Every structure is written in structure tokens, then in C-alpha cells.
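So that you can tell them apart, the chains are marked A, B, C and D in the order they are listed, and the count of residues begins at 1 in each.
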Amino acid sequence: MPRLPGFVSQASRASLRAASTATSSIPHSASPSFADELDPKSILADKDLSTIARAIGCSADDLTAFPNPTVPAGGEPLITARQLTMPAAMRPPFLDWRVQMKPASLKSKKFRNTYLSPIGLDGAFREALEILGKDRDTKYVQVLKLQSKVDAIKAQFGVLETNEITDIKARSEAYLIEVKIEKLRILAELSNPEVIAQFERGRADMQFPVYRYLARKKWEQIPRAQLVDRLENMHVIPDTMPYIKPTVDLRVRFPGPTAYWFDPGRILSTAVTAQVPEFQINTFEDKTSRYTIVIVDPDTPDFANDSYKSTLHYILSDIEIHGNKPDVDTEASTVVVPYLPPHPEKNSGIHRYAVWLFEQPDGERLAIRQRGSKEIDNSKLLDRDEFDIRLFRSAYGLKAVGAHLWRNKYDSQTEAVREKFGLGQGTVWSRARIQHY
Amino acid sequence: MFFLRRSLATSATADALAIESDSGSPAKEFKIMSGVILSRPPIITPEQTAFSKAYYHYQSELYKRMSWTFPYWFYYPKGTLAENEYTRVQPKLNEKDPDVLFNRDRNSKQDVVFPPRSVQRETEESARIYAKIVPNPRTTIADEENNIRSLERKLDRTLYLIVKRDGESLEWSFPATTIESGENLESSSTRMLAQYGGEDMNIFLVSGTPALYYKDVYESDGKYEGAKIFYLKSRIFNGLFKPQKESGIVDYAWLTKEELSSYLDKQYWRKVAGALSKQ
Amino acid sequence: MSLHQLSSMFWRRSQTIISRTAFQSAAVSRIPQPLHNFEVSGVKFTHGSLEVTRGKRTKSGGSSPQKIRLVNMLSLIGRVRKAPYRLKLSYEDLLRHRTIHRAWQLVKRQERESRNTELMTQYQKIQVACDELEKASPELFAQAMDKPKSLRFPPEYRIPTETPPNVSWDSSWKKATLPQVK
Amino acid sequence: MAFFKPSFGTDLRRQSTAFFQCRSLHSSAPQFKSPVSIVHPVHHRVRYKKSILHPKYQTLLTIPKWDPRSHLFKPQAVQPSRVKTHWETTLAPDLMLANYSHNELKLRGRKHQEWDGSSPYHVNRPLRSPAGNAMATPDILPRTFRTVPFVTSIWVNTFNHRAVTEHAERNIPSTVMIQQITGVKPAPAYSGVSIMQWRLRKERNVGAVVEIKGAKKDQFLATLVEVVMPRVKDFQGIANSSGDKFGNISFGLDPEGVRLFPEIEGNPDLWSGITGLNITFVTTAQTDPEARLLLSSLGVPFYGRERFHNVPNLDGTKQTRKKGVVYYENSQE
């Protein structure tokens, strides 16, 4: 009969260690662990080591020997206590999965009681944890070494930030090392089951590079592909901007009781879209920068040219986004052009409303950047009726990093929206045969 | 290095192949020598780590769980005596259980119990063939005694032969000799092995191409400035290395790569280690 | 091809030999039934062969030993009624499985890298040795490079076993002495 | 713009872009469409598989193979492979040394040749066949630590003559036999030719074939070399003339040899009408002699006079060296 592996909480682990070693130097995160929420009963307040060992079904020696990732089996400690204080912030703890019990994720009592883990899973898992723990420690030692290198370079120039280093060669060297550090910190935690569990339960703390990495990978797998596919199929590119390579996840929703982050290209009711949309910007990077959001409708009929023109609906600029806080604060940002609710004319077909996300240069406030001798006509830049998004982008020196899209057509609510916002009487278009030759 | 000059001086002959050194006058020469890295390949598979043992156990249990039901109706055809014997020894499962099919619970692995083989155990040969196999232990007496001269030690590792030859300062090294006239690397090393260790070794010279080069510079003045040694690689499969009387071999040892590091001179080890296999 | 995937490929091929419906109906039924007991409908044994007569039923299930043997043999190939249920793991166990898999990959990668480095160093040693030999003595170098066209390794190269043979080392090996030819 | 007429010519691409730029309100717009099919230009730099967007396939495509939830999941390594370990620890260094040749350069194989353009019919004509050979040959790379040969897979197939002369069902025992010996599910083999004298027609099911890879390949190889080959009566080995010139060696086992596989030998009375096997070792060796050296190191015996096909003999042939590559002219020319 196989033994059924389960979880033990960090708190109980800490108490175990406190009981076993008087000088415990391993930091623990204050946040409740994955196991705590699953089964509060699993928290063992018992400090008597042998009692716990008996409950688990192993010897007390085994319990103290495992897992102590800072001390490899039969060797000197890889990380000293002094060093541990520094990388504590970047060390999400290894979950100690020791207590044997039925899996808490199975909600049905019947399944939980009849469930059997595969034979040999527990033993192999313990050995695997030991190996991965050792590997993680070596990676953190490398991180510390590299960090001290960067610190030495910074101290040499007497600065605190890498981008303040005046010497180009030294700065690029410091940047390269920092990239390496980021990579090592991701690799060190990528095999940690605790990390995966936290991430999949939506508890990711974006200050850790590994969570940012996982979030990016998850976004790249389907949502980004879907976005790009819709933008291409619905000809948002090149009808508005010529091309895109999205690096930032932009989410859009309209406030209300049933608000949801809709997927790009959805046809919405004009009543829903009459409200100012809410945004979320996931940069997957630990940096602070400013963004501009522009909403355009490229499907406004242009009879004079027998074509279509773009209408500007919204410009929100100077959106400050910190790496781990994705929500857009509209009040803290600048509304350059207030939101115009979509109100398609009858018989003018389905209108696309393209949301473009631009990164402002060098994290500065939105300002016109004069380049070359050609003068920019400021009056036409923000013209609602004849808006040129490409001109706007180049005038302000912006960089397109994300996009989104929704669609509207004339529906039963459109007249109400017109009335509510005072948009005047609509026109009804109809087709007419024209002699071409 | 000092030791090689001393140890190899005995076999140096007047008509040895020699070349001039690059250092110019006074014209001194480097002796060209051939050597052999004689090794015994592993006889048993490498020792497994605790993790790989646990991993293979887990994987094989999963494999059994996912394996198909044993088709007993093919191996024990219906109506035969064999079928009776087979069904008799099987654990009986509840056939009304919908999870059970062909006497196998489809939620777990199947443990097939095979009936004892109906073999006439009269002859001595059949008794020997069908006797239960008892595997030999992976460690031998030579391992327990740590007999470094035995070829039966460390069966899962490659063992390398090093020798210690007569001279004032005794140092361990791979066997080497001076190339005599009319010889090439291959023939001189074959000759040397027979000279040093006797004829009764089943040896295979992997190639006439040298696998390792070592340049030895003599410290004291002499006829030669030093020696250039080219080592060939060879394997031993049977027989023993028995030091011959006139060869001047004082001691010899069969060692693994990491053991060699403590026996060989540091500088020599640094140059030589790259040509050896860890396992 | 995975165990799960071992498909009904052979059934498609063997449709001309044995009608498929009989097996399908047997597979659907919940009552366990050994293969040699149920009827193979529409199969007639003529001239030592199984031939298809679709839509016909055999009267008393008179299956001959040859037919049973062939049907049993066919049952070895397909997964029908032999495959166990799908493996279903709890979320915790899936995470553990992932952890084990990552550790295994890590170990394998480290092994592979160290092995490749070792082989590369050995190759470089050979290169250096050949370069030096060419400089030291072109004649010896030419002889070392002059290999026989047909190379073979001796059969004594033995694949290692998990436990040693009864005689782990043949110490009494003697060099064969050729008989004197008069 | 209204009189824009597409024409066949070199600037089709420009025309198609022009078409996309002149969007019109009117239903008569299709008259501007290009008369040829146009691949839509892509305006993004993201690579993705279209199928992953289909909700039906998302779970199938996003779950990796090692995950037990995947339909492709199968426990791969159930025990360490003896043959693989042997190759890694002992054979690879020895083979590297034995095959070594100093300062070797890449040897360019015979390739298809360009026409000289002397005739107007040379335009768009398929390339000339290689000099002295109907088939192009691959380049031979220098023997380094990266090109040490190993056995990648083994193909085993059987031909059952009784399936031709009597009934297709005769294939069943030989198919099952191959499966039991190799542990891999066989695929049916069909005849490629019609031979009237044998009553063989094209595309008839005449046997079975498997490709063995990975751990099962090693297991099969070890069984063949250690259990079967030493006990086959009057077995000399594989003919030295065997090989396809590019490092793949084939040989045949007669029914008596097949009976020596433990899977068959254990229950001899269950198997009637055993057929022989054709076995092919697929190796990464670049020439046949190298492949034979590799197999001999694994314990496979060889006999007879050796054939040296595709082993270029550079003595006396005209050769040129350019940028680390040796170009040689065929001596047969």
C-alpha cells in the first residue's frame, strides 16, 4: 500500500526547526502558504520532534536532516548566514511537503478517501527536492557573486542606479550582469513546486522575476497569439498602425455589474461601450514607465474621398505603471482628449475600435518631439474627425507596445446613447448605384 | 621533470630517435618516447544515485500501471493443463466489479503470478538452467581489501595502469619507453608492454594515433634536454600485468581517474587528466 | 507511439479477415468475457482460412482451434479490452510529478554536459599529440596516420551487466602459442 | 484610380499593396481585385500556431508530453540502458580515436549541377545529376567529438511468402511475432512490385515492419548480440559487403535464428510458421566501414571481403581546397 504524500505548512516547518535548532537562520515568508489554505488542520503546533516524526512515519533524525537547502549533504554551507539576509527578498520558500494525508485539492469526499497516489512518487519527489534545492543554492551563490560585481562597478562611479553610470563600457557591462542575474533568479525558482502552486492559484507576487517570467509565458502562449491573429484578420494592422510586436499585455473592460476583461474583437452593445473603459497594463518587467492609450475608429465613412477616415475617441496619457501594479489609475493620468462614446451611423457597417498602447520615451511626460526641419501642424494632431494615428505617434515619439480591439454596430441602444451624451441626430446611409465609366 | 629522466635512463639506447631542440646552441635534443595508457573498461554498469533509483522505481511503477492486461488466453490456451495451473495461482478478484476485466483491476497495475514451470528436473543440466539465479555481489574481495594491484576492484569504473620504475626518485607514471631504431609508436609500445608486464595479457591497441602528448624537461644537464612522450591508448580484457625481472618495475597499480590525482605528480596530472575518462 | 495511442490501426487493416462488429459489441458490454468464449460472427473457416461472410451468424459457435489461435493472436495487437483506465492524478501529485521531471532533466543535462566536455578535451589532446608528433618526427607521424583500411574492434568489448559474471576477471589467460609447422 | 488595371508582370506585389490601400465604399470594388491569388501580407512579428487558437485543441496542444494529463504521456525511462552507458563510457572515446584523422576537412559530396546556360532550354530545367552518380551524396564531415557514430534506430521487417500464396491472414503470426520480439507495435508492409511467377501483386499486405528506437532499441540490440547471434548454427556474422554506402547495415536472420529469441524460445509450441527477419541498423556513421567498426565494437561479428563504397580514395584524384572544404573530382570520369 503506497503512502499518501501531503503537505506541511511553513509555520509548522518553522516550529519544527525552532525546536530542532536553536539558531535558525532561514527566513520564511509571512504570507500564508499554499497548504495553509487547503487544509488548516494540517498545521501542527506540536513542538515535540519525535511526536511529529511518529505522526509522519519517519525518524526524528530524518526530519531534522531534511530539507535544509542551505547546507548540502556532507559539505560546508553554500550560503552563510550573513549572505542569507541579503537575498531573502528573492527567495520564495520551498514548500515542505512532508505530512502524509489525502490530497486537499480533491473536493469530493468520496474521491479524496479513495484516491491513491502512484507508487514511488513520494520517494522520487523527496530525492528530486534535494537535488533541486542544491541546484537552487548554487544559483543563488552565483547571483550573490554577480551582484557584488555590479555593486563594485556602481561604487566605482559613486552612483546608486545602473543607468547613472557615466562610462558607456562600464554601464553596458553592469547591464549585462544584471540580465544574467535576472535569468539566474528565474532559473533558480522555476522548478520550485511552491512557486508553481502560488502562480496557478493567482497568488503570484510580481516582484519576483520567476512570477513575471511565468506570467509572460502564459500570456505569450494563447492571449498574445489571439490578439495578433484578430488584429491581422480584422485589418487593424495596417489600417491604423502599420505593424506591431506586442510586448505588453493590455486588458480592457467596461465598468458595470458584469464587467469582464473581454477578448479582442468582440462585438459589444453601444450601451455598454458608452462608459469610459477601464484598463490593465501588465508589463512583466520590474520597471516604472509612462504610457499613452489611444482609441480610434478607422471605419468612419469619408464621402469626399470615396473612402474611410479615422475618428479619435480617446487619448489618455501619462499613465504611470509600476512593474507589479497593473491597474490604470485614470485620475492620476492626463485625459488629453475625453472619451467619445461609439455611436455608429445606421447602415455604416460594423465599426472597429482599436485601442493602442504607446510607451512614452524615457518615461517622461507626453510632449511633442520635433525631429528634422519639418514643422508639425499642432492643430491637426488631435483633430477628432480627421485623426492620423501614425502622425500622432511620430510627433510625440511614441512606441507601440500593445493593442486591443472591440467592435460596435448600430443597435437598439445607439439612439439612447446619442441622446444621453448629446451627440445629435444620426444619419441613415443607403447605397446608390454610381456609373463608373 | 626529474623522475622520468631517472626512471627511463635504463632503457635509453644510443641509437634512439632524437631531434634538436628549438633553443639553438648548445645543440641539445629531446628524446622521443612512446607510452601506453592501458586501461580496463568497466565490467558492470555504473552505480546509481539515490535519485535515479527512486526515479526508475517511480517510472516503472507508472509503466506497469499503464500497461495492458496480460493476455493469458494466448500464453495459456483454454482447455490445457497450463491454463488450469495458471488460474489456480492467480489472486481472485471480484468479477462483478465493473472495474475488473480479465481478472485485472483497471485502476491499478497488474501483478501476474506465473505458475511454477513444469520442467522435468531429472537431468543435472535442466536443474542448473532452471535454478533460481542469484546475482553476484557488485563489490568484490579486492574492493574490501582495497587491493590496488588487482584488476577485480571497482568493477563499474575504468581502471588505469600506472607503474613505478627503478631509479633514485621513485614516481608514478604511465609506462613509457624509448623508441628504438626501426620501431614506430605502435610496435615500441607493444614491445614495452611485453617487456614490462609479460606476455600473458589480452591487450587491444585502440589505434596507432597518439591520444596524449607530454613534454618532459630535464632539470639537470645531460645528453638530452628532455623527452617528448606520445601515449597510445589500449585496453586490457584478460590476463594480468606481472612485472618482469629485468624491466625495473618496482610497483604498479590499477586506479580510477580520481585516485590517480593523488598518486601522480601534480604537474604531470594536470597535463594527463584531460585524456582520461571519469567513469 | 504511446500506449494510449496504440490505435485500432490493425483493426482497419484486418477488416477483410475478421468482421469488426463482433469485437466492438464485446468491448462495449460490461460483462467480462474471455476472448475465446464469445462468438466471432460472420467468420467461416474454409480451407484453412478465415473468410468474411458479412451478415451471417454462426449457429452453434463451433470455433476450431486454428481460429481461436488466430483470434487470440490478433487480440495481442489491439488495445481493445486490455488497456487500463486513464491515469488521473490529483493536483498535488501533478505538481510532484512535475518537480521530479524537472530534477531528472537537470541531472541528465548536467551529465550530458560533463560527458561532452570530457570527450572534447580528449579530442583536443589527440589533436595536440598529433601536431607535436608531426613536428617532432614526420616519419613516426606518417606511420601513426597510416591506418589499415578495414578496422574492427575485438569481440572482447563486452556490454557491462548490472552484476558481475561468475568469473569477474580471467587471470589465467595465456597467450596462444602457435603450433610449430615442420 | 478608377481605371487602375492590374497587369501580369514583375510588380505584382506592389499592385496587391495598392489594392489594399484603395478601399472603397462601393460594391463594385471587386473589379479592382487582382486576378491572381495573393498571399496576405503579415503585419506583425509574432510566431504562433494557428491551431492553438481553436478552443477544441487548446488543452491538447498546451499540455506538454511529460504531463500525465497529456494523451501522449508515457513513462520513458524505466531502467538505465546498458548499451547507451557502454557507448558513453567506453566506446565513444575509443571510436573517436580509431576514426581520427589529422587536420581533416569537410569533404564535399557529389551534388546536382547547374546547367551551363548554353541552350535556351536550360532555363527552368531540373538540375543535372551529379557527376559519375545518379544520386547526390552527403558531405563527409571531419571526425570530431561531435561526429562519433552511434546506432539511432533499428528497423525490423518480415516477408511472409505464405501470405502471398495462401491467404493474407498468414501475416498475423509473423506480425505478432515481431511485436513480441521488439516490444513495438508493427505496421503492415505492402509489396511494391508485381511478380507474376510468385503470384505476387502490387500493394498486397505481405509482411510487417517496425522501427525500434530508444531504450527498446538498446534492449533488442543486446538480446541480438548476447543471446541470439552466438547460438545461431554456422553463423559467420554479417557480410562485410552489406551496407547502403551511408552507414546503414542490413542483414537477415533465418527462421531458426528467430526461434532463439527468448520471447519465442520460451513458448515454442505457440508459434507456428515462423518467418525470418530482415534487420537494418541505422547509424550516424558517415560511411559503411565506420558503421561496421561501430557494430563490431558492440559485439556484432563480420565476415567476408570488405566493400569500400562511398569511401573516397583521394590518392591521385584532383582535389581543390577552399574555406575548409575539400572538393574532389570523381576518378571514374
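Annotations
The rule is short, and it goes like this: contacts are C-beta pairs under 8 Å (C-beta built on N, C-alpha and C of every residue); 3 or more make two chains touch, one makes a residue touch a chain.
Predicted model, so just to flag it, every value in this text is computed and none were measured.
The most distant chain from subunit B, with centres taken as the mean of CA atoms, is A. This structure's chain pair with the greatest number of C-beta contacts is B-C. Averaged Cα coordinates give subunit B a centre that lies 27 Å from the centre of subunit C. Subunit C and subunit D have CA centres that are 18 Å apart.
Distance from the subunit A centre to the subunit D centre is 44 Å, each centre being the mean of its Cα atoms. Centres computed as Cα averages put subunit B at a distance of 34 Å from subunit D. Within subunit A, residues 118, 121, 124, 127-128, 131 each touch two or more of the remaining chains. Shown for subunit B are the residues in touch with two or more other chains, namely 41-42, 45, 51-52, 55, 58-60, 62, 65-66, 74, 77, 108, 207, 209, 211, 235, 277. Taken residue by residue, subunit C touches two or more other chains at 3-4, 73, 76, 87, 89, 97-98, 100, 103-104, 107, 122, 126, 130, 145, 153, 157-158, 160-162, whereas all remaining positions touch fewer. A complete topology is adopted by the chain contact network, contact being made between every pair of chains. Of all residues in subunit D, those touching subunit B in their complex are 68, 74-80, 82, 85, 88-90, 93-94, 97-98, 100, 102, 267, 270. Those residues of subunit B that touch subunit C in the complex are listed here as 17, 19, 30, 32, 41-45, 49, 51-52, 55, 58, 62, 65-69, 71, 73-74, 77-78, 95, 98-102, 104, 106-108, 110, 135-138, 140, 151-152, 155-156, 179, 184-186, 199-202, 204, 207-213, 215, 228, 230-231, 235, 237-240, 274-275, 277-278.
Considering their complex, residues 41-42, 45-46, 48, 52, 55-56, 59-60, 62-63, 66, 74-75, 77, 158, 206-207, 209, 211, 233, 235, 277, 279 of subunit B touch subunit D. Across the interface of their complex, subunit C is touched by residues 66-69, 71-74, 77, 82-83, 85-86, 88, 90-94, 96-98, 100-102, 144-145, 148, 166-169, 172-173, 175-176, 179-180, 185-188, 205, 222, 225-226, 240, 289, 292-293, 296-299, 301-302, 306, 308 of subunit D. On the side of subunit C, the complex with subunit D involves touching residues 1-6, 9-10, 13-14, 16-17, 48-50, 70, 73-74, 76-77, 87, 89, 94, 97-98, 101, 104, 115-116, 119-120, 122-123, 126-127, 130-131, 134, 141, 145, 149-153, 155, 157-162.
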